[in-house]
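As structure tokens, the structure follows; a few thoughts come after it.
First chain written, first letter: the chains are A, B, C and D, and each begins at residue 1.
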Amino acid sequence: MDMMERLMNLDRRWLYLLVGLAAVIPILAPLNLPVNVSKPVQDLYDRIESLEPGEIIMVSFDYGPSTGPENDPMGDAIIMHALARDLRVVIIALYPLGGVTEAREELERCVGDLDPPNGQIESTRFPGKVYGRDFIYFGYKDGGLAAMRLMSDNMHEVFPADFYGTPLEEYELGREVQGYDDVAFVMSLATGIIGEWWANLVNAQFGTPVAVGCTAVSAPKYFAYYRAGQMFALLAGLKGAAEYEYLVSEKYPQLADITDSFIYNAGKGWDVQSVVYSIITLFIIIGNVAFIVERRRQKRGM
Amino acid sequence: MRKHPITEVSVAAVLLLLAPGYALAQAPETISWGLRMENFSALILFVVFSGVVMTFIRLAHGGRDLYIRRIAGLNAVEEAIGRSTELGKKVLYVPGIMSIDEVQTLASLAVLKHVAKHTAQYGTPLEVPNKDPLTYAAARETVKEAYLEAGRPDLFNEEVVNYVTYDQFAYTAAVTGKMVREKPAANFLVGSFYAESLLLAEAGQSTGAIQIAGTAEVAQLPFFVTTCDYTLIGEELYAASAYLSREPVMLGSIKGQDIVKFILLCWIVLGILIYTFTGNTAMHDWLLSQ
Amino acid sequence: MDFGTVAATWLGAFFTLCILSFLYKDNPFFRFAESVFAGVSMGYYIGNTFGQTFVPNLVHPLFTPPEGTPREWILVIPMLLGFLLYTRYVKKIAWVSRFSLAIYVGYYTGVNMMQKLQGEVLPQSADTVVSFWRAGAFANVGNWISLLVVVVGVLSVLVYFFFSAEHKGVVGGVSRLGIWFLMVSFGAAFGYTIMGRISILIGRVIFLINQWLGIGNGGVA
Amino acid sequence: MYKKQFPLLLAFLGGAIPIVSFFITTPGDRLKVTTDTLQDWMLIIAGAALLLGVVNLFQINLRKISTRAKGWPNALWLLLSLVIAAILGLADAFDTSVFGIWGGDVAFQWIQDAAFKPLQSTMFSLLAFYVASAAFRAFRVRNVEAGILLSAALIIMLGVNPYAVKILPFLPDTTNWIMNIPNAAAQRGIIIGAALGAASFSLRILLGIERSYLGLQKGE
């Protein structure tokens, strides 16, 4: 029969249709596919859970819009987790191609609309949390490695003013953070090499604990750093983001509500990725079964 | 010896390039003549490499027969052009998306010259769309000369080698569109490629064209290998022009490069043995900047 | 939202759908989008080249230097080399256009050659010179095997690239092994890269659903 | 004669300067500074070349329009959008306003948001579909090599499948091992080989043996 042959030479557009549906459906109606929390992700969660209220963490936005689907939910989850635990958050951006807007957008997504220069400083999502005291956005700095080296004890030289142009000295949290020693750890949300710099420069030279949230494509590279102990935790791609989001949502139902209200979150991204991978895997297997059956038949036929 | 115009010209060249820059260069006077020790290993490698390669070029020039193994992708070049000729369809040649500051692009242009010569001989239409303007300029020279050498300068016009746009994906959109509409019988995807590699190769595959790809971009090789009929992998791309031209001088340089590769292999093996059994890291350390 | 933003969103959605329609088949909408894409991107790079290259590196230092700084007359040379490229349109002196190409190629060839030797051959080889004895290699069988796999992999792939020897006998066997290593690498990298591609698609889907159709509250930019 | 030889000489010299300055220092490190100056010049040459492409685009598309060749309206759209985007871009570059209404920067940003960026990222996103069809077609057990290719890909793909990982919990670690060990080894082999090949090709260029990029014959 020619069904096998037809399967083998299936019009590729059917496959395109399935992939397209797999990308749209989970966004509109989440499938909530299971996630298995892995150790590198659990490490980050445990670290944040173990910090004392009032301690400061630094989140660096080292990616641009093209990897937003992977990195954005990591930023959301960690910022909200920290605020829910009454930690304080310092946000910076080092990625030249769009890191600065990513950081502002994710911050506003987490805390609600902000306009510090005109007085809108209290978070609408986290009542009582105030810009400049509980969280602050230092803005973007170019120069990568050089800036990171200088930040170790001259934070104010690198960032004289915050994102909105107000001198750091005018904010309580701004005054307090003079260098890496003032933060409990640095979390880098990275797309390219900047995350590696945090590990092999900042962690290696200044001993600052570093965690990285990287894209799936660069994950194997970062996994080697994690194994070598140069970073204490690692979120890799949509999978890592979904695992972390899951942990936080389990413990803090109020955060789960916020996350669920987003049109996009890591759980949905993970759904899309899992389904697309399953479709491709399935088709590869079908294609091979058809191929083997067909070849057998041809051999017998001759 | 007769005085050659080249002497004056070369003096002019030195003046043009070196003198003004050198004279105006302002730098601390603390540095004087010396070797950059941090690049010392590279210097030795450079000297050995150039020495061996040039020796073999000389030997080849002297008429020594040099064996080079078969490279399947290159043997298929003529087959692909032949099929286009039979079908009366176009040959599409994509020289990558990078400029001529990238060696892969230059290697691609050398292959292009060979391809263009054949298409000119057979009168098969050729199209070379470009993303980079300097590559475009160089490819135009290359193809024009190839047509001239093949005795068919009449076949050359401004549309054979053309310019599309400087954006990677806009270029890809235009070229994939072209593939689907004009259905070339042979697609060459040779040079430096990034994310567009699979878009081009998969679109080309869907039209049933014979596809020959070549790149040294490690991240793109998987996509070419899975979607093209033949793929020149890394070093094979750089050897392609020598292989196709069969010129002894070129083959000599391939031979020389093989010898250096062999020396390097021996160094690695010996280094591992010494490191493992004596703990001496000298052979490892020497390879890194001092 | 102001009119400009709304218009940009609608146009963006229109173009997004035009490109996606190519998946079904080539059609007039894709051809239109393709042409606009080529035109707009070219215009963009013209603006970009002037804004990022010509104005700061040529116009300012040569024609409008800030007060107190002298004009950098030396920039006349690259400007001239740039103009030489255009002599190709004048048949008689067309050969002069090769000068600029030659300098450009020569310079980068020199730079690249050093970069390849110093930045690729040396460190990558150095990473392969490992000890099977030290660094706790024997303490952990897994590590030892990994080391062995790396060394065998690198060497066999290098043997595959030998052009002087026919792939027969020992050389043939080792280079076959090299091909297997290449296949593992290609297969794995292919399977792995799909992840990154999916997230780009998600970005587009969210743009259409959220920004254009206005469903949900905020997402990937 | 010098028409042919002079460019080759320029190429040699252009390459010799960075190579020499890579290895030796000269008084005041002037050779290094010269090399850096050359680098800036190259950017200007590359920028100047952009207009070469524009000239060709106009040549080809104006001919299409004037002869009413197939698809000529698209040629018109192409030139029109090129001109508009270029005007806005130049207005931005020279800090002027467009028709005195919009600031150049605002207008240039708008056309990027409305057309350039969505077109660019959608074209990029087609890859998600293409990887699927390429994988389906290419990963077949035709022979030993193809079988290895397929197995490696399948292991990796199952490693990110939540259900497969539930059954085979070692898959994610296997994925990392394959990516970091055999994959890295093969890539290293390719990189070393390719770097040597590139160096040898570079040498042929500097010596004037490879000259097809200049449109020169051998021996000229």
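Going forward, a contact is a pair of C-beta atoms (placed from the backbone, for glycine too) under 8 Å apart; a residue touches a chain by one contact, two chains touch by 3 or more.
Since we're looking at a predicted model, the values are computed, not measured.
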item	value
Interface with more contacting C-beta pairs, comparing B-C to A-D	B-C
Innermost chain, where centres are averages of C-alpha coordinates	C
Taking each chain's C-alpha mean as its centre, the one farthest from chain C	A
Where chain B and chain C are represented by their mean Cα positions, the distance between them in whole Å	16
Approximate Å spacing (C-alpha centroids) for the pair chain A, chain D	28
Length of the line joining the C-alpha centres of chain A and chain C, rounded to whole Å	24
Chain A and chain B, separation of their C-alpha mean positions in angstrom	39
Numbers and ranges of chain B residues touching at least 2 other chains	17, 21, 24, 39, 42, 46, 49, 100-101, 103, 106, 134, 137-138, 141, 164-167, 169-170, 173, 221, 223, 225-226, 233-236, 239, 254, 261, 264
Chain C, residues touching no fewer than two other chains	19, 22-23, 31, 33-34, 37-42, 44-45, 74, 77, 85, 98, 101, 103-105, 107-109, 111-114, 116-118, 121, 125, 128, 151, 154-155, 158, 161, 182, 185-187, 189-190, 192-195, 198, 200-201, 203
Contacts with two or more other chains, residues of chain A listed in rising order	12, 16, 19-20, 23, 66, 216, 220, 273, 276-277, 280
Arrangement of touching chains [line / ring / star / complete / other]	other
Chain-chain contacts as defined at top	A-C, A-D, B-C, B-D, C-D
Interface residues, chain C side, partner chain D - complex	4, 7-8, 11-13, 15-16, 19-20, 22-23, 31-51, 53-55, 57-58, 74-75, 77-79, 81-83, 85-86, 89, 95, 98-114, 116-118, 120-121, 124-125, 127-128, 146, 149-158, 160-161, 178-195, 197-198, 200-201, 203-204, 207
Interfacial residue positions of chain D with respect to chain B in the complex	1-2, 5-6, 9-10, 13-14, 17, 19, 22-34, 37-38, 42, 45-46, 49-54, 56-57, 59-60, 116, 119-120, 123-124, 126-127, 130-131, 133-135, 137-139, 149, 187, 190-194, 196-205, 207, 209-210, 212-218
Residue numbers on chain D that touch chain A, as the complex places them	121, 124, 128-129, 131-133, 135-137, 139-142, 150, 153-154, 157-158, 160-163, 165-166, 169, 172, 175-176, 179-180, 183
In the complex, chain A residues that touch chain C	13, 16, 19-20, 23-24, 27-28, 65-70, 72, 101-102, 105, 109, 215-217, 220, 237-238, 261-264, 269, 272-273, 276-277, 280
Residues of chain B defined as touching chain D within the complex	4-6, 9-10, 13-14, 17-18, 21-22, 24-29, 31-36, 39, 42-43, 46, 49-50, 53-54, 57, 99-101, 103-104, 106-107, 109-110, 112-113, 130, 133-134, 136-138, 140-142, 144-146, 149, 158-159, 162-167, 169-170, 172-173, 195, 198-199, 201-203, 205, 216, 218, 221, 223, 225-227, 233-239, 241, 247, 249-250, 253-254, 256-257, 260-261, 264
